[in-house]
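Okay, so subunit A shows up in both of these, paired with subunit B first and subunit C after.
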Partner chain A sequence: MVRIIAVFLIAFLNFSDTDTDTDGKVIARQGKVSFFSHTSVEDIKAENNQVLSVIDLKKKEIAVSMLMNAFIFEKALMREHFNESYIESDIYPKAVFEGEIIDFDPVAKGEQTRMVKGLFTMHGVSKELEIKIRIVNDVSGYVVSGTFETLVKDYNINIPPLLAGNIAKSISIDFRFEYEPYED
Partner chain B sequence: MPPKSSWGVLFAYLGYKKSDINTSFDYFIKGGNMRRSSLFSCALVLMIAMLCILGCNDPLNGDLTSVQPSNVYTVTQLISESRSAKKTDGQEVIAVKGTVHEVNTVNGRNTILLKGDMADEAFVICDMNTNQSTTAPSVKRGDSVLIKGLLKGILKDVIMLNCVVVKTE
Partner chain C sequence: MLAFLLLTTVRCAFSQDLLDILESEQQDTTRFIPATFKMTRIAVGHSTEVRGKGILELFVANRFWNTPAERSQSFVADRLSSRIALEYGISDKLTFGVGATTFDGLFDAHLKYRMLQHSGAKGLPFTITLFQNMSYNSSPIVNQAIADGFSDRAAFTSQLLLSKKISKDFSLQVSPTYSNKSLALAEEDPKNFFAVGLGARYKVGGHLSLVSEYYHTLNPIKSFDTFDTFAIGANWELGDIMLQFMLTNAVNMVEDAFIAQTRNNFNFRNPNLNFGFNATYVFHLRNRLKKQK
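What follows is the complex of A and B.
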C-alpha cells in the first residue's frame, strides 16, 4: 500500500512540475523589441510589440522574426523616415535572427544567463551576433530578455549628412519574449 | 529659436543648401530686400505647417475611428490572403470580423487575438488604440467582433495596429 501511494505521489509530482514539454517548442507571438537612439539633438525610441519568436527546446535553437513597419514611434514623421528612408521596410519588410543558446538547460527552473550566438539579418545585411540573454523558467513558462548595442553603419543604412546629428551611431536594443507551448 | 540642427533638418526638407541658409539668415539679421525676405518667411511658415500636419496629425498614426476601412475580411480570409502575399501595403485600414480567442495586456498593450478556422493555430493580433482602454477589456473570449485597424503584415499571425472595436455581438 505504501509503495502504491509512493508511486502515485512521484507520478503526481512529476506531472505537476512539468509545465512544458522540454523536448518540444515554445512560441512568443507578442514579443517586445525596442530601440533607443540618443544624441544631443534628440532621443528617438520605438517599440514593436508583435515580434515572433520560437525556441526549439531540444535543439536549443531560437528564431526571431519581426515586421519592421510595426514599430511604434512617438512621432509619425520619425516612423516615416525609419520605414521609407533608413530601413526601407517595403523592400526589406522583416528582420530575422536565428541562433543557438549556448549551454541552455531547458529543464532547469529559475534564472539562467546564457549567450546566444547566431545570424541577424536586417536591411538585407546579415551579421553574426553574440548576445547575453537572461532566461527565466517558472510556472508561467520561459521568459527571455536582454539588451545589446548595434552600429547603424553595419546594416548599410544611409543617413543624410544633415540628419546625421539626430541619429546615434550606436543603437541600444532591448527585447523581452514570454513563451508558451507550441505545436507545429 | 530652435537649435541650429533643427533648422538644418527643416532646411533639408525645404531643399536649401547651407549657403542658401546663411544668405537667408543674412537677410533677417543684416536687413536686405524686404520683399524677398517676406516671401522666404511665408514659405517657411507654410513648410512648418505642412510638417506639423504630416508629423502630428497623420490619421494612420492615431485614431482610426473616423477612417473608412478599404475592405472587410473574415479572419480566415485575411490570414489566407496575407499568406499569399496579396496584402503587404502596411498602411491599409481594413476591418476584420471574427471570434475573440484572447484578450491580454502583454507588454502593457491592450491586445485582442482573433481566431479563424485555419487548420494551424494562426490568429489576427489586434494591437488596440490607446482610446480603446475601456472598450478592449470589456470584450470577452468567444465574442464575435468587428475590428478596424492598420494592416501591417503577417509573420505567423496577421498583425494590425491602432485597432478600434467597431461592433461586438
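What follows is the complex of A and C.
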C-alpha cells in the first residue's frame, strides 16, 4: 500500500512538473534595473538592461545579480565617475540580492503583491532589505517589478563634501524582470 | 516510500544555490577598463583617454611664471600664458579639437583616435591611441633671415600613445612622438624631432590623483640649449569640472613647441618654474539613455 502511494506521489510530482512547471526555476536574463537621484542641483538617472535574476518556485527564493559597469547614464562621464570614484566597480564588480518571497503562490494566475526579504550586497556592504514586489503570472510567464528607496550612506560610498549637493541622500530604484523557464 | 525519499534527496542534492546559477549565466562580455587617466591630458601632454560621442569639452590651460628680476610689481605672477581649446567627440573613439595659445601665438588643431582599448582579463593588456596635431605659429618674426611662409610656420606632431592601468590606482603611459617643425632659428637645427614621453597617474583618493609626465627629446635643436619637459601635479575631478594643477618647466602647451623649445630645465627658480592650472568643463550634448529607446 505504502509503495502504491509512493508511486502515485512520484507520478503526481512528475505530472505537475511538466504541466504547470511550478516546481522548477525561472530565469530573467535581460532584467531592467534603473536608479534615480534627484536634487535641486541635478538629476541623475541610470539604467542597466542586463540584470540577471532567478526564482526557485518551489523554495520561493529569488536571486538577482547585476554588473555595476553595465549601468548606462545620461551623461557618459557620470558612468566613468560612478565606476571609478563611487561604486569602485573594479573591486566590487557586482551587486547581488538573495531573498525569499514571503507567501508566494507560484500556481496562482494573475497579479499578487508580496514582500521579499533578503540580503542585498553592493560595494562590499550587505544589508537586510524588505521590498514590496508585484508578481504577475500569465501566459508569457512570471513578471516581477517594484520600486524601493535606499540610502547612499548605508553602502559606504564616499561622496566628497563639494559634490554632496549633487547626489541625493536617498536613491530610488526601479526594477522589472521577465522570467522564462530555466533548464539546468 | 523508500523510492520517494530517494527521489527527494536526489533532487535536493542537485538543486544549486541560486547565485551560483546567476554566476554561470553571467555573459562573459569583454569589459573595458574604465578611466585609465580620466582626463584627456595627464599633465602637459595628451593621455590615451578620449571623450565619447557628443561630448564637448571646454579646455582652458594656464601657465604662470615669474621673470628672474629680483623685484616685481606684477599681480600674482609676472607672466601668464593661456590656451583655450574646444574638443568634441565625433564618435566614441574619435575626438577633434582646436585651440589657441596667448603667449607663443600658436593656433592648433588635433585629431585623436582611440584605436584599441584596454579590456578585462582576456582582452588587450593596454590602450592604443593615435594623436595627430597641426599648429600654426602666428607670432611676429623680426629676423628677416628666417623663412616664415605658411608652410614654414606650420608644425605637425604625431603620437602613438600606449597606456596601461596597472592597478586600480596606478596607470602608466609611454608616448613615442614625432614632430615636424619647419620654423628654425638656425640652419643647423633639425626640422624633424623624435621624442619619448612617459606619464603616470597615481590615485590617492576617489577624486584626486597625482600625476607626472616626462618628455625626452632625442634630437634637440643646436642653436640654443633646450631641456626635457617635466611636470608633476595633481588632478582633481568634480563631476563635470576637472581641474589639473601642476609644476612644470614647459611654458608652451602645444606638443611641437614643448618638445622642441623648452628653454629651461626643471627647478624651483625663476623663470624655470611654471605653475600650471588646467580646467576642463564637460558638456554632454547627447543623452545616452535616449539612444536606447
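Basically, the second predicted complex is superposed on the first by the 164 of 184 C-alpha atoms of A that agree within 3 Å, B and C clash if a C-alpha of one lies under 4 Å from a C-alpha of the other, contacts with A are read in each partner's own complex, and residues count from 1 in each chain.
Assume a contact is a pair of C-beta atoms (placed from the backbone, for glycine too) under 8 Å apart; a residue touches a chain by one contact, two chains touch by 3 or more.
Computed from a prediction, not measured in an experiment: that's the story for all the values here.
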Practice task
Superpose on subunit A as described above, then tell me if subunit B and subunit C fit or clash.
Solution key: clash
Practice task
For A:Ser65, decide between first (touching subunit B), second (touching subunit C), both and neither.
Solution key: both
Exercise for the section: Classify the contacts of A:Arg29 with the two partner chains as first (subunit B alone), second (subunit C alone), both, or neither. Expected result: both
Practice task
Figure out whether A:His81 sits in contact with subunit B (first) or subunit C (second), or with both, or with neither.
Solution key: second
Practice task
Could you say whether A:Glu183 touches subunit B, subunit C, both of them, or neither, answering first, second, both or neither?
Solution key: first
Exercise for the section: With the two complexes superposed on chain A, say which partner A:Gly165 touches: subunit B (first), subunit C (second), both, or neither. Expected result: first
Exercise for the section: Could you let me know whether more residues of subunit A are touched by subunit B or by subunit C? Expected result: C
Exercise for the section: Look at A:Ser145 in the shared chain and tell me whether it touches subunit B only, subunit C only, both, or neither; answer first, second, both or neither. Expected result: neither
Exercise for the section: Once the structures are superposed on A, label A:Leu52 by its partner contacts, choosing first (subunit B), second (subunit C), both or neither. Expected result: both
Practice task
Would you check which partner chain A:Ile91 touches, where first means subunit B only, second means subunit C only, and both and neither mean what they say?
Solution key: second
Fill in the blank from the handout: Clashing with subunit C: of 24-32, 42-50, 96-104 or 132-140, the subunit B stretch 42-50
Handout entry: Footprint overlap on subunit A, where subunit B in one structure and subunit C in the other make contact
Key = 27, 29, 47, 49-50, 52, 65, 67, 69, 72, 75-77, 79-80, 83, 89-90, 93, 160, 162-163, 166, 184
Handout entry: In the complex with subunit A, residue positions of subunit C that touch it
Key = 1-4, 7, 14-16, 18-19, 21-23, 25-27, 31, 33-35, 38, 51-52, 55, 168, 206-207, 237-240, 282, 284, 287-289, 292
Fill in the blank from the handout: So, in the complex, the side of subunit A touching subunit B is made of residues 27, 29-30, 32, 41, 47, 49-50, 52, 65-67, 69-70, 72, 75-77, 79-80, 83, 89-90, 93-94, 160, 162-163, 165-166, 176, 178, 183-184
Exercise for the section: Could you please specify the touching residues of subunit B with respect to subunit A in the complex? Expected result: 3, 5-6, 8-9, 11-12, 51, 54-56, 58, 60-61, 88, 90, 104, 106-107, 109, 111, 113, 120-121, 123, 125, 127, 152-153, 155-157, 159, 161
Problem - Touch list for subunit A against partner subunit C, complex - result: 2-3, 5-7, 9-10, 13, 25, 27, 29, 45-47, 49-50, 52-54, 56, 59, 61-65, 67, 69, 72-81, 83-86, 88-91, 93, 96, 98, 158, 160, 162-163, 166, 182, 184
